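Look at the two complexes coming up: chain A is in both, with chain B in one and chain C in the other.
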Partner chain A sequence: MKKATLLLFFAGLSFGLHAQKIFSTKTGQIKFNASSPLEQVVGINNQVDSKMIDKTGQVVFSALIKSFKFENQLMEDHFNENYLESSKFPKAEFKGFITNIGTVNFAKDGKYPANFSGTLTIHNVSQKVSAAGEITIANGAPTVNGAFKVKLAGYGITGSYIGGKIANEAEVTVNCKYQ
Partner chain B sequence: MKIKIVLILLALCFTSVATVWYYVFQYSKTHHRDVESENAISVTAGQLVKDYQANESSANTRYLNKVIQIKGDVIKEGKDQAGNYTVTLKSNDPFSGVLCTLKNGSKINSTHSTIVVKGICAGFLTDVVLNEGVIVK
Partner chain C sequence: METYQHKTSAKLFWCIALISIVYLFPHNAFAQTPDLFKMQDEQDKKDAKEKTDITTSIFKSTRLINGQTIENTGRGILDLRISHRFGFVNTGSYNFFGLDQATMRLGLDYGITDRLEVGIGRSTFNKEFDGFFKYRILRQSTGKVNMPISISLAATGVWRSLKDTVTTFPINYSDHFSFSGQLILARKFNDYFSLQLVPTMVHYNIVPTKAVKNDLYSMGIGFRQRLSKRVNLTGEYYYQVTQLGGYTNSASVGFDIETGGHVFQLFFTNSTGINESSFITQTQGLWGNGGIRFGFNISRVFSVVKPKNLAKTTY
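== the complex of A and B ==
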């Protein structure tokens, strides 16, 4: 009898472990903001590819540098050619985990805090990073928000305007609404 | 005579500063790349995805940041989070296609399942990604 209960328990457990869901989007949003008091430097990318697994919290955000659109074309050209060198390094990526995914109830609408931890690759330089954000569940569909502080010099991004017209540290905000 | 030269020089300085200022802050703000007027590389959606899957870096050399005109079958229409229309064209690989975000205000207005779309190639993620797209046919 005991054995049967135990078996049932493990069967239930393994079912629980396997019933994970992969959420994804190909049109997520990332905002790059390196504004200084002298100049507004903001680019928005609406073609972010992202996947997230509800059980493990594994998450990936992939973005093409050329998908960042700036209000000023000249700024966009400089961003691509002089700073991010997007012809050589066309992609940026975050791969990691939402470490407190266990506290998120995907079945219940609401806002839950989310802590990101993983590797951020920009300009072909990878750094371990962590960031704070939020998961919003609405009608069973999650939206992930996160804000990453990116020290440009730490990713080998240099240029005479950095520290002047362009901030030393950019804020990269992610907003991915999964379908 | 000297005053005249100084005045002319000042006028020249002023005009060049004004021109640079206009180009950097005014012209560049309102003038973006015009996909419609640029010459495009013509390719099918299937071939484009195939080229990227075969060798991403050589495909980037050929297509990245260029205007390309693609013919393909529509498998998905949607909207991004900013409200721009998007269209996904089919390739021979069911896991990968061509995602094109249409330019402000553009949308698909035909019922044809095969379309021709023109856009700037941004590279390859799960799909080959195009932006600033316009529907040609």
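== the complex of A and C ==
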């Protein structure tokens, strides 16, 4: 009886230890592109904080608005002060799941399609979103790519230039290479 | 027999208890799927305390109206500035209330680093050339480092190239120079209101009379009040503690209007000169009798050097 319980105990313990792995990075990239034919409006953030769990597909991207860098500093100032109001709402976040994570074989190098579904919070407004992307496994380390369409007005981001020099819909592309 | 049976059921009970402990308890303690959403929320709270958030856009431009603000042009950014003042309003309808005349300064500013800005300019007034540098010493911030104010140092040199009037004494080449040193102390109180204090010393290599000191001290004060997303009310006043003699204090009020790649400044000022020595210590107009000028500054920025973290991106 003693042996049996001991065996059961270790079986349970080992099950607990090998259940899943959390992948994370603090140097992920997000590109914000709201360019119009009139003006190039591109900001890049190279300090994106992201985590992902391989078993459940739960994934989080978190970015400081102030870490978006623009080629034109005045544009960066306007992005922060007039549009995203970063002093009031410093972060943008995506919290969701890669719904088809079961099809990804983390042990085998290759490219796998990934479908994102979750909540995107920008400018303190949360919206349910879904997006298509890709998981690339190279030497056991996954890289996640995804592209989200963001309707600026839907997040309470307003301004007279939106729809003119600034596109109505921004493309937010994510690229996170996990360690 | 009965007692034995009792023993078995007791053993069975403990066995079931153990199994349930082993299989259910660890599922909560070790094997439970960690919730990234919660982890992220906790990390956000920690980050907010550990990160230093530098306060940006204390003022909208590197100049308030005539004088410097706490702001610098960013690293690798070239800023072409055209500062234009019309004539005095009180010259009447004959001069179309000053619009017939003009005095201006053409300038180029460049951000060498995020903290150091240099610039050159040429003014109509006294045919002056000027050069300056401005260095950020402290930056207002919140978070881990809580700094209530920003401090910058600005130094300007002015060379007057206007031909000398005939004097009874010889004039040296060095007499055409004047210099100013300024400490700029600024605070953004909220998204709507910023204030700066600018203790200033202006040094003239030559002054009109022996009674006037070569070093002149003054104190500047300026503010920005946001009216809408793109329009700000600005004001600037320099009080002269010691004077050249015969001049008034510079006082200006105006609007900063932002349009895409420009900051457009429209204002009224009683000063004619646009560099530090001339507007702080050689202002002639009097607000009281309409001795003011309508003026505007246009700033257009160009990115000369791409920011590093943009260049290394993989996109």
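Just so we're on the same page, the second predicted complex is superposed on the first by the 162 of 179 C-alpha atoms of A that agree within 3 Å, B and C clash if a C-alpha of one lies under 4 Å from a C-alpha of the other, contacts with A are read in each partner's own complex, and residues count from 1 in each chain.
By definition in this document, contacts are C-beta pairs under 8 Å (C-beta built on N, C-alpha and C of every residue); 3 or more make two chains touch, one makes a residue touch a chain.
Owing to the predicted nature of the structure, the values given are computational and were not obtained by experimental measurement.
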Overlay done on chain A, so just call it for chain B and chain C: clash or fit.
clash
Check whether A:28 is in contact with chain B, with chain C, with both or with neither, and answer first, second, both or neither.
first
If we overlay the two complexes on their shared chain A, which of chain B and chain C does A:147 touch? Say first, second, both or neither.
neither
Thinking of the overlay built on chain A, is A:20 touched by chain B (first), by chain C (second), by both, or by neither?
second
Is A:71 contacted by the first partner chain B, the second partner chain C, both or neither?
both
Between chain B (first) and chain C (second), which does A:82 come into contact with in this model arrangement: first, second, both, or neither?
second
Check whether A:165 is in contact with chain B, with chain C, with both or with neither, and answer first, second, both or neither.
second
More chain A residues in contact - chain B or chain C:
C
Which partner does A:95 reach: the first (chain B), the second (chain C), both, or neither?
second
Let me test your reading of the model: by the given contact rule, A:137 touches which partner, first (chain B), second (chain C), both or neither?
neither
Segment of chain C that clashes with chain B, given the candidates 21-29, 75-83, 165-173 or 201-209:
75-83
I'd like to check the shared interface: which positions of chain A are touched by both chain B and chain C across the two complexes?
29, 44, 46, 49, 62, 64, 66, 69, 71-75, 80, 87, 90-91, 175
Residues of chain A touching chain C in their complex?
1, 4-5, 8-9, 11-13, 15-17, 19-20, 22, 29, 31, 39, 44, 46, 49, 51-53, 55-56, 58-60, 62, 64, 66, 69-78, 80-82, 85, 87-88, 90-91, 93, 95, 159-161, 165, 173, 175
Which bits of chain C are touching chain A when the two form their complex?
11, 15, 18-19, 22-23, 26-27, 29-31, 33-37, 39-40, 43-44, 48, 51, 53-57, 73-74, 77, 191, 229-230, 258, 260-261, 263, 301, 303, 306-307, 309-310, 312-315
Could you please specify the touching residues of chain B with respect to chain A in the complex?
23-25, 28-29, 31-33, 60, 64-65, 78-82, 84, 86, 88, 99, 101, 120-127, 129, 131
For the chain A and chain B complex, residues of the former touching the latter
26-29, 44, 46-47, 49, 62, 64-67, 69, 71-75, 80, 86-87, 90-91, 175, 177
